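Some structures are shown below for you to check.
In the two complexes that follow, chain A is the common piece, with chain B as its partner first and chain C second.
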Partner chain A sequence: MSKRRSASFILVDVLLILMILLPLFCGMVIKILTTPPTDEISIAGAQIYFIVPMPLQDMPITESQVNSWLVILSLLGVCLYLTHGLSPTYETRRQHFAEMIVEATDNMVNSNMGAYFKAFSPFICAIMALSAFSSLLTLIGLYPPTSDLNVVGGWALLVFFLITYYKFKCGPIHYLKSFAEPPALTPLNVISEIATPISMAFRHYGNVLSGSVISVLLAAALGGLSVTLFGNLPGILGKLPQVFPILRVGIPAILSLYFDIFSGCLQAFIFAMLTMLYVAGAFPAEDYARKMEKIKNKNKKTN
Partner chain B sequence: MLELAIGIILGGCALGAGAAMIAGIGPGIGEGNAVAKACEAIGRQPECKGDVTTTMLMGCAVAETTGLYALVIAILLIFLAPGRFVDILLNAIH
Partner chain C sequence: MGNLEVISINFWNIVISLCNLLLIFLIVKKFLYAPVHKMLAERKAKIDGDYTAAAKAKADAEAQEAAYRQKLDGAKEEADALIKAAVADADRRSDEILSEAKEKADGILRRAETEADLEMKKAEEGIKTEIVGVSAALAEKLLGREIHEADHRVLIDDFLSEVGNSDDQRK
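Let's look at the complex of A and B:
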């Protein structure tokens, strides 16, 4: 196999790289165009871009929705780029990288959920990548969709449906019985069932939001500090800190290292991990195996 | 009189937010315990450092939840509640 690539291959590569970068660039342009100019630092939720009239209730299209769609598009570009030109004989660097990701998720799902849930690894990888890259959007100055409770709540609701689906595997009677394990604790079991998605959503949302709030407060404090420290200098030097707060350069980056990069990736990992543990824990494996055996025996008898 | 009432509302919201964050003590102690035990475990068996670290991070994240509930309440009290309560007050007057 020759190492030279054809012109069409390189063209598709360039288009895919554009597909990765263009959504992020679009997001930045939209952000710049729609943010109203203010002097003061403000902590606000997601901006509402426009409102779609709906019969029951109007549907606002917010910054978090737009940004999460941009992340989805960008991630699609990443996936297509990594899997472009796969071949069993001549392996490229990006193919090794893609294989590494797939193998790592497969291993994680296998060790945490068991062989029955082998098909879950694409879902887990998708939810992890979406969550991590949504949180990392703060690095380019965009509003992270994960600091909106509605987005994370939607994901947690999805996980809740999965949990309920796997609890229903042995029939509705078994599902209802699982709440009355010790019959006295039935109300507590129902509450803890509802608390699962709520705690997942609040954990992710609270971590990302607290990081951004603390970053904004620190930036405001550093701006005020640079004015008070250097504001009394003579001449133009005294006016400079009001236009360009010098202390705001570099110092917030140290906090950002923890709050944006470490915390965002950690929360993505934890969300995926909890999804795996809850779904695997909801599946009554022994009872399901017993039920399958019973059905098999019945089929044998009728045959 | 109206200013006094609005002042009381704002002060109450700020005090409530501060009081809510007392809940930060719990996760701090809990996570400290978890990390201390993880350090002990790694010291005893350095070969399973990866597993211990993963489990510890999971446990820390779960222990953090109560603190984050308090944080959400505090944020609501600071950013959302004052406007709501002042609106209610003004509606009650007019």
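Let's look at the complex of A and C:
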């Protein structure tokens, strides 16, 4: 196990770790440079950096986009770092970790979606990683892209495309027929189909945003409380809570534990789980197998 | 520049986010899953190779063991045959030696017997002649005249045969 690593190996490792950490650091620097100093409590969306004029609608490049890209860059670094120095015989801790991730998602996809959707495991892993790390950006004070409806909406839209793609596997007639399963419920079926991506997007976005809102409200409340509790102290001590709201230290961390870490990871998991279930459920496996058999038989006859 | 509304829908942002997810999917697939799966396949191939090599080695060892056992059995039989042959040879040799010795001993005994017989006869003859001489002398003395040996031969022989008989009886 204690095989000596070459200097170039360590150099690449260091570069990869920098590749993981630098985007996050850059994000913090950008945040500090662009956030105007304000005392007001405000619950607003992502900060707009610049607006690109586009045909349908102007395209604002906001914190959520930039932070998403930073997370992607960071995750690319993580992937490269985990797979750096992979070998079938010489095992490192990071290799075990990489194997664990891959095998866990493979197993999860296999048990939830079946062997047919084997190729989905990188997608599920990507959703989970992007969602979880986007939400966890709040830990370093950055705007979590998952609290932007557009970001999560884009993911949900992609999942909706996938669902529709797999529903179309047996042809458009079968697709249309699937809505009229009990014919009386056709409008409801159509609504539930459209509701799927919307509910997914709003569930994720709402959870993360509500966490941020509650955190902001709590911070404001604690600031006010510290002023009212300690503001009447004599001399300079009475002025201190206005500059440094003492009650804000530590207490929000407990809520942050739930809203930022637990909720962020849980929502990532739920989003990935729903993706798996919806996509696997959309695929008419039996009808598809029957169709394939028919095609096979036809081919045999023509042959 | 200001902020977005808390709930705002922007088509392009949705497209960007969709592309982001596709991008991270490709990254994860290419840089995490492909290498890990490749490594796992390599490991599996290596382990399979090890197993087949081990099975082959085991089969080889078993075949060798069987061959050795066969050889060992052959050697045992050979040794048995050798010992048997040697024992038979030795038996034969000892019989030969024994019979030879017996013959020799018999020869020696026979010779000794004949020699002893001869000696005895010689001695008997000697004694006879002596007795004859002595008795003749005695008779001469007694009778005062010369006894003609030839004349009295019959008489003496009778006597002697009597003596001899009494000798034989004593034996």
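Assume the second predicted complex is superposed on the first by the 298 of 303 C-alpha atoms of A that agree within 3 Å, B and C clash if a C-alpha of one lies under 4 Å from a C-alpha of the other, contacts with A are read in each partner's own complex, and residues count from 1 in each chain.
Just so we're on the same page, contacts are C-beta pairs under 8 Å (C-beta built on N, C-alpha and C of every residue); 3 or more make two chains touch, one makes a residue touch a chain.
Fair warning: this is a prediction, and the values are worked out from it, not measured in the lab.
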Which of chain B and chain C A:6 touches, first, second, both or neither: neither
Which of chain B and chain C A:99 touches, first, second, both or neither: second
Contacts of A:299 with chain B and chain C, given as first, second, both or neither: neither
Which partner reaches more residues of chain A (counting touched residues only), chain B or chain C: C
Which superposed partner A:199 touches (first chain B, second chain C, both, neither): first
Contacts of A:82 with chain B and chain C, given as first, second, both or neither: second
Contacts of A:266 with chain B and chain C, given as first, second, both or neither: first
Chain B versus chain C as contact partner of A:232, first or second or both or neither: neither
Which of chain B and chain C A:57 touches, first, second, both or neither: second
Which of chain B and chain C A:68 touches, first, second, both or neither: second
Shared contact residues on chain A - chain B and chain C: 43, 209
Touching residues (chain side chain A, partner chain C) in the complex: 42-52, 54, 56-60, 62, 64-65, 68-69, 72, 75-76, 79-80, 82-83, 86-89, 95, 98-99, 101-102, 121-123, 125-127, 129-130, 145, 148-155, 157-158, 209
Residues on chain B engaged by chain A in the complex (per definition of touch): 57-58, 61-62, 64-65, 68-69, 71-72, 75, 79
For the chain C and chain A complex, residues of the former touching the latter: 1-25, 27-29, 31-33, 35-37, 39-40, 42-43, 46
Partner chain B, residues of chain A touching it in the complex: 43, 199, 202-203, 205-207, 209-210, 213, 266-267, 269-270, 273-274
